[in-house]
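Note that the chains take the letters A, B, C and D in the order they are written out, and that residue 1 is the start of every chain.
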Amino acid sequence: MQSVSSKILYNEEVLPRYFRLGLQWKTPAIVPGHFLMVRVSGSLDPLLRRPFGVYKVLGSKWKSVFRGTGVELLYQVVGRGTKILSEKRAGESVDILGPLGNGFPDPERKQNPIMIAGGMGIVPLRLLAEKLKRGVVLFGARGSSEAGIVKGFRGLGCRVKVATEDGSIGRRGLVTGLLKEEITPDSPDSVVYACGPVGMLKEAARIAQAEGVKCHVSLERSMACGIGVCLGCAVKTRAREEFKRYKMVCSDGPVFDSKEIDWEAL
Amino acid sequence: MQSVSSKILYNEEVLPRYFRLGLQWKTPAIVPGHFLMVRVSGSLDPLLRRPFGVYKVLGSKWKSVFRGTGVELLYQVVGRGTKILSEKRAGESVDILGPLGNGFPDPERKQNPIMIAGGMGIVPLRLLAEKLKRGVVLFGARGSSEAGIVKGFRGLGCRVKVATEDGSIGRRGLVTGLLKEEITPDSPDSVVYACGPVGMLKEAARIAQAEGVKCHVSLERSMACGIGVCLGCAVKTRAREEFKRYKMVCSDGPVFDSKEIDWEAL
Amino acid sequence: MVSVELAGLKLKNPVMTASGTFGYGSEFLPYTDLEKLGAIVVKGLSLNPRQGNPGPRIVETPCGMLNAIGLQNVGVDAFVKEKLPKLKGIKTQIIANIFGETVEDYMEVAKRLGDSVSAIEINISCPNVKKGGIVFGTDPNEAFKVVSAVKSSTTLPVITKLSPNVTDIKVMVKAVEEAGTDAISLINTITGMAIDVDKRRPVLATITGGLSGPAIKPIAVRMVWQAAQVAKVPLIGIGGIVTAKDALEFIIAGAKAVQVGTANFMDPDSAVKVAEGIEEYVRKNKTSVKELTGSLRV
Amino acid sequence: MVSVELAGLKLKNPVMTASGTFGYGSEFLPYTDLEKLGAIVVKGLSLNPRQGNPGPRIVETPCGMLNAIGLQNVGVDAFVKEKLPKLKGIKTQIIANIFGETVEDYMEVAKRLGDSVSAIEINISCPNVKKGGIVFGTDPNEAFKVVSAVKSSTTLPVITKLSPNVTDIKVMVKAVEEAGTDAISLINTITGMAIDVDKRRPVLATITGGLSGPAIKPIAVRMVWQAAQVAKVPLIGIGGIVTAKDALEFIIAGAKAVQVGTANFMDPDSAVKVAEGIEEYVRKNKTSVKELTGSLRV
């Protein structure tokens, strides 16, 4: 699993500042939750790779893993690195390293999977939904245009519910409001998969834990190496032994059991 | 005369590693010998602009100055900056600052201008030839493919002679050999314009000075500012006063009287 | 509110140009609006004109550059007679950066400036020839001597510019404060070196040179912050500033003003853009440079 | 000929990985061929396991990065028992980087390593708790004490890794040589700082951190060259090496070997590529690393 130069198949702005990036790549085994470290340019500035989740595996259906001929990333332009990436065109190449990290654990057979995402947190959950083909995806979007991202999701075999802060589409308010409705004491045995802003994850974890429901969260931290060696992406856990308290998002995660995380420190 | 963002009209590889770069730009007055400082990317690395001579002024004929709708540069990919530049495509933009420096002084009415160039040194001399419409261009090329650069020059109204090191086209040997033949004691009153590698300039200056012929040389030095303030592009002159000895290639030059230069120090 | 008062100088905004990166100021007239700057710090001046070092004098490095100009300058007298008049009528503060090889040199340059400029910035990153070449700026005692001497030779506000090539910047801050400096600017360039592998030679004719540019920004911000922990006089932050955000890092760390150096080479309008960006930030955030100075919450 | 002998260690080539950028080595097994490296220097080890600093621990800077990992590590015993066996059978030298908060800490770590590794590299960029937090690596006397103590606690070759945060690196070189170090590696990271302007907070939880990466290369090359002017023991050059050419700058300046650090994050195969590039250069130029070492013509 070396760093490989991967040809850009397409790099399209699907919404203002949101891009779909198709990369040609004979992928190793990928599971939902895996991410890649992408070098956005050959320059020494920006110096470090950028982490991005896998949105789709091209030319592959779920068969215990995804293994395809390429991947699609979905990214938002937020800073210098993503800006440079957005200027790349089909035919150019970028260096990628991956798949990295640990994906989402499977639900039990009779468990109802609830996938909850805010913003770009939708990325690993789309792949999870494609794999599970059941359950519900709850998507918190800033407005109706961002909400459009999940339009195609119904074909994946899951239910989809949307909340927007301005109420322009779906439920008005936070997506965690939808979560509360899905996990009620009389609803079937559930398991929550969450990815998105810290505030949302915290609240999702609180709701799930209050109902005694397991919650898997995918976290984000600034990363340098992506492979567990720089110890830069540390997140504080509740580990009893002090020296085991900091875990690495890249190699111990990015998916953690919500109970493991010290949410106060985040 | 501020730094302006200029649209790339074309950026074509005319020979392996040689590019013609067309820039849209309502040019200020340009005279042959002027150069531009080009920022090859928005990144902080490479940090500094790169100097390039003006090869053509687009949409302009000589009328005491060139004043056009764009410029064409001709550059060779030698390092990181020119590599990045070569990857730009039509429609993208680069920041340019210029025109900078002092151009070539006019020949006297009865003087025969001899323009001698090695490699990329041809750039400012093409524009000079277009302006003067007489005299001779002597071009020293590495081989027949590089020699192709001057194919279109005959239309400019001057004679063209080529020397290649391997003799694959034109005279075999150094271009300064051609210069010797052009400046003979019984040839008409001449003035030499030279641009190219240091060794060539030195020899051209020596030949010209030996025959009592004036020689204008255009020099190259690494530059940071291009406008005479960093004092980085110093070249040693024979100025009598010690503290005036270092002149700036960017603002005192790049064109100097060959007698002014301390060739030993170069 | 972006205007600041610093060592008795009123600046319309906190952005100055750094010495050696802005010539004598007038060179920038075609490229930028000098009146939009808080102050212009001119190229370092010595008693007699200096020819500077042989070339190559500069080399690009990752996100930075090394220079070994050798302090080429026209000398203090020619500056006052020939260069300064070119800035006449331009409404901004002019600060003269001075240096010498002996304490006496420094004093004499300060004297000859009289009150032709608004303030003096002392560059102490120079070798002291009498002390066997040890740099004034790395020895607190020598720094003390230079600054005291200049203070006694001028009535102008005196800014002392510190060298970063020291173990503990706080020691230097205290020394020059004790000597009576009215303000402190930091950092000057960091000593560095580049080698031409194929020629097996240093790229610069002088072997080593001074590193500047964005590469050094984290080091410069750290030093300004460390200085701010002990300084009583106002600080001027320098090192790798390209954008208003960069400048604000220094201000939040404790600088009352900043200087833009190498960025002037990337774009001669850089310093003005930094000033405009600070103004915009201050307006948007309904704050002032004064309020922002040293506002770091640790 | 790229093999070198250094402090009694035979290295197949002069390229090592820098401590803290290569984990315990085994993490790189999927990504690169460890046997193509001259040596692996593992993450800094302390007597007891350490949890390290709270986050954020890293931030990118122009051509560099700041880190404040806080030396999180499993402790020397767990290293020997759990981590080292994973490298068993791999044909390269393993060097343990060690640190402590007291001289006794350092000694004890060295003792516990026994002869489980090929050599010890002492990181003296740590605050000495007994001396009120002053860093071992900025005081020649404290550095002397640590190095002497470690030397007396091990029979392994000892490399001392110097901090760049000093006025005069030559003083430190002499101090650790006198203490008996077998080799010197330099430089460790340079103290730096980044500020989140909108939050008006330091980006790193620890306020300051260590700057590494290409940005610092000119400073590192300069320090290696300065060290080479006085050093009698072999030098190992570190700081911003990304390419073979970068490494060769250090070698030509006087280093017998080099370490690749931050570049491992850009590409986990970086160090091997540097080694291959040096081999190619040496072959093409019909020379050897030995001949190149210190070949700078000034």
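Going forward, a residue touches a chain if its C-beta (ideal position, glycine included) is under 8 Å from a C-beta of that chain, and two chains touch if they have at least 3 such contacts.
This one's a predicted model, so the numbers in the text were calculated from it and none came from an experiment.
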Practice prompt. Trace the shortest chain of touching neighbours from chain C to chain D and give its length in steps.
Written response: 1
Discussion item. If I rank B-D and A-D by number of C-beta contact pairs, which comes first?
Written reply: A-D
Discussion item. What's the farthest chain from chain A if centres are computed as the mean of the Cα atoms?
Written reply: B
Item to complete: Report the inter-chain centroid distance for chain A and chain C in whole angstrom, where each centroid is the mean of the CA atoms.
Response: 47
Worksheet entry | Centroid spacing, where centroids are CA-atom means, of chain A and chain D in whole angstrom | 36
Worksheet, complete the sentence: chain A to chain B, mean C-alpha position gap in Å, rounds to 54
Worksheet item: Among the residues of chain D, which ones contact at least 2 other chains?
Response: 62-64, 213-214
Practice prompt. Any chance you could list the residues of chain B touching two or more other chains?
Written response: 44-46
Item to complete: Considering only which chains touch which, label the overall pattern as line, ring, star, complete or other.
Response: complete
Worksheet entry | Touch list for chain C against partner chain D, complex | 61-64, 66, 138, 165-168, 190-195, 197, 199-202, 207-208, 211, 213-219, 221-222, 225, 240, 245, 248-249, 252-253, 281, 292, 295-298
Fill in: chain D-facing residues of chain B, complex
44-45
Practice prompt. Flag every residue of chain B that touches chain A in the complex, lowest number first.
Written response: 41, 43-46, 84
Discussion item. So in the complex, the part of chain C that touches chain A is made up of which residues?
Written reply: 62-63, 214
Response to the item:
Counting only contacts in the complex, chain A reaches chain D at residues 1-3, 39, 44-49, 95, 97, 221-236, 242-246, 251, 265
